[in-house]
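The following blocks contain the structures, represented as structure tokens.
Consider the two complexes below, in which chain A is the common component and chain B and chain C are the respective partners.
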Partner chain A sequence: MQIDILAQPANTITKITFAQNEEITAEGGSMVAMSGGLDVQTTTHKRGKRGIGRAVKRAFAGENIFLNHYKAERDGAHLYIAPNLSGDIMTHELQGGSLIVQATSFLAHEASVDMDVSWQGFKNMLSSEGLFWLKMSGTGKVLINSFGAIYPVAVDGEYIVDTGHIVAFDEGLNFSLSKAGKSWMSSILGGEGIVCRFKGKGTVWCQSHSPSGFGNALGRLLDPIVEHQQ
Partner chain B sequence: MSDTNQTSPSVKPLTHVIEGRPDFAYLKVQLPAQETLRVEASAMQAMDKHVTMRTRLKGGFKRLISGENLFLNEFTAQGKEGELILGSSLPGDIKRLYLTQNGPALFLQSGSFLAASTGIETQTKFQGLIKGFFSGAGLFLIKCVGEGDIFFNSYGGIIEIQVENEFIIDNNHIVAFTEGLEYSVEKFGGYKSFFFSGEGLVARFHGNGRIWIQTRAMPPFFAWLNPFRRVVQKKRN
Partner chain C sequence: MKHVVHGAPSFAHIEITLNAGDTLIAESGAMASMDASLDQKAKMNGGFFGALIRKFFGRESFFISHFTNMSGRDAKIIITQKAPGDIRAIKLTGGGFYIQPGAFVACETGVKLDVKWAGFSSWVAGEGLLRNYVHGHGAVFIGGYGAIYDKEIDGEYIIDSSHIIGYSRDIKLNVGMSGGIFSSFLSGEGLVARVEGKGKVFLQSRSVRNLANFINPRL
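Right after this comes the complex of A and B.
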């Protein structure tokens, strides 16, 4: 499988060229174009696994609950996938470890990678951004997209990242959610809300812009939706 | 095009450069003396002082409902070579093609036309209601024939695809394609995929030729943005 990342950096797209029988699983709605010779199956979760419970979890997680599985019937079949919003795409190669991906940053994974939607690392605290998380494990490539640019931060010790800017992180890192400032008042008034404190050694990938921040900024300027009451 | 002007149609490629690709592309054209370029309304950003503009009403009713501007501007370099800088209202890419009399015609999605030299004739082609409403490319396509330069623009980057036999494109991502390709609007995959894949209807192209797609599309962006609008409650009298 050959993965080419094209038209970087603001409106990036991925071209995947398959050998026969190779498979990839992509987020529903991400297909831009594809050649003939690809079999498409839409499932709630990984093909061959009963996925109703997982689909419900994914629906609850605010992520599109449907995944498209593409399988090549011949060599050279190819597929173009991209996210809806502007931003970049990166490839991450898993070699037995696990990666936690923010749900809206997930684009695709190879068939050899296992995706778990029930990861509940942040379960005890409601994230202000309404973000949810997917756990990728196994070996193989994962494609991740960002809103804006993606930049890695090497954590050695302790590091603080705003939850709206986390794209993905090594599962080996310890983390906890907390307020950004000394008090809740300063955290909320300062617009930072909840941040994630990472501890240990590993990498966190961040995005230069937060989708909810951009949406809120634009939404205020648009005509309001008028609801009529009786 | 016999009704255009006194100058003979250009049959030489225009000297030009496209900068700022792929996200904020703009086009610089060196227009030879007395040469004319047809440009989509409001696409001119800057030009030499001896380049003059004439606004023409184009095509009338068809153009009115095809989503293009009713007016086309014609820019002419008076007396000596002149520079003209053009761009699109959406951030994205610009692609240039040189068409020949014997080569295939080009079909453009109606909002993608940026500019063409006078040797190119543009015709607005009705797509039929089913294709028009569901293809995402609009009710009309612009067919470009003749010999000369054609420039088109996109939202996001432009990717060129060489098609042999068959290709499927998400309907919102079609920018342009060459004559010789036919397309039909179909559901994506089986019925389960059609309803739940998030892809819905797609355009299936048949034949041999080239297609240009854009890496982003406006409708999904609006669909994402809409929930961020404020909600105002009003009492009904």
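Right after this comes the complex of A and C.
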């Protein structure tokens, strides 16, 4: 399988070229174009596994509950996939470890990778971003997208990331929801609200822009939707 | 304090290194990530009345964040803006700069944030009665949606008011029509800003307000 990431960083799109029988699973709605010779199945779960429970969990995670599985019937079949927002795409190669991906940053994974909703506890509910996490494990490539640029931070000790700016992190890192400074009052009044405090050793990938930040800046200029009475 | 702008022009974000004891002042919500050794404090944007005036007339946030390095070592913070676009640093050495609502990203502590009377013509143009004025010594970071152009002005120049993000103190800004009353509205330019004087004007290549105006009829 060959993965080419094109038109970085603003209008990034991924071209995946398959060898026969290779498979990839992509987020529903991400397909832009594809050649013939690809068998597509839409399911709510990983191919060959029971997964309605996982689909329900993904629906709670604010994700599209449908996943598209693409399997090449011949060499050279190809597929273009892209996310909704302007921004970058990166590949991450798993070699037996796990990567936690913020749900809206997930784009696709190879068939050898296993995806599950990572329930990081009740603390998720407190965040205004509606943070949910997908746990990727196994071996193979994962494709991740961002709003804006992606920058990796090598954490050794403690590091703070605003909840709207997290893309993914190594499973070895512990995180807790926290305040940006010494005082909760300052964190909330200063507009930072709840932030993620990562502890341990590993990499966290951040996005330069926050979808909800831009959404709110644009949203307050939009006309309120008027419900028409029947 | 040192800074490097990454990701320009589409996704500019600033990596700022704070030396021991340094403080950075940043717009509410502008922190993307930072070393855990930094402390954040919310401060009223220029005292209670200043903050109130800025909130209601300058359309800025009531609180701003102060990030202070209390540890003995250098610490880093990544600062960004809400819209995807470029960020520029303006180095103030005693001079002053007017900044349009929403364009302020961050500044050093030697910079003072104030509001000044903008006049009724500004209010008519939807730009508010007051305008934000930064002055003093140090770096100010301003952000724009899209690319940022800086233009040296000597004399008169005409700019669509939604594309101005900042201009130097010695420039006078008047809001008016680009041509006669008919040509102004028929051409879709509506109200424009006439700037006059000698100094620098910063422009953004896109405008969030114009994006909203594009989306609104389609909702």
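Everything below uses one rule, namely that the second predicted complex is superposed on the first by the 219 of 230 C-alpha atoms of A that agree within 3 Å, B and C clash if a C-alpha of one lies under 4 Å from a C-alpha of the other, contacts with A are read in each partner's own complex, and residues count from 1 in each chain.
Note that a contact is a pair of C-beta atoms (placed from the backbone, for glycine too) under 8 Å apart; a residue touches a chain by one contact, two chains touch by 3 or more.
Quick caveat: nothing in here was measured; it's all calculated off a predicted structure.
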| item | value |
| --- | --- |
| When chain B and chain C are modelled together on chain A, clash or fit | fit |
| Which of chain B and chain C A:86 touches, first, second, both or neither | both |
| Touching partner for A:149 - first (chain B), second (chain C), both, neither | second |
| First, second, both or neither for A:161, with chain B first and chain C second | second |
| Which superposed partner A:36 touches (first chain B, second chain C, both, neither) | first |
| Which superposed partner A:68 touches (first chain B, second chain C, both, neither) | first |
| Which of chain B and chain C A:95 touches, first, second, both or neither | neither |
| Contacts of A:222 with chain B and chain C, given as first, second, both or neither | both |
| Following superposition on chain A: angle at chain A, chain B versus chain C, Cα, nearest 10° | 70 |
| Partner chain(s) touched by A:10 [first = chain B, second = chain C, both, neither] | both |
| Smallest separation of CA atoms, chain C relative to chain B, angstrom | 7 |
| Chain B/chain C common contact set on chain A | 9-10, 86, 216, 218, 222-223, 225 |
| Contact footprint of chain C on chain A as seen in their complex | 9-10, 86-88, 147-149, 151, 153, 157-162, 165, 179-183, 185-193, 195, 197, 204, 206-210, 213-214, 216-218, 221-223, 225 |
| Of chain B, residues touching chain A in the complex | 22-23, 91-93, 155-159, 161, 165-170, 173, 188-190, 192-193, 196-199, 202, 211, 213, 215-217, 220-221, 223-225, 227-236 |
| For the chain A and chain B complex, residues of the former touching the latter | 6-7, 9-13, 15, 27-36, 40-42, 64, 66, 68, 80, 82, 84-86, 211, 215-216, 218-220, 222-230 |
| Interfacial residue positions of chain C with respect to chain A in the complex | 6-7, 10-13, 27-43, 61, 63-65, 78, 80, 82-84, 102, 208-209, 211-212, 215-216, 219 |
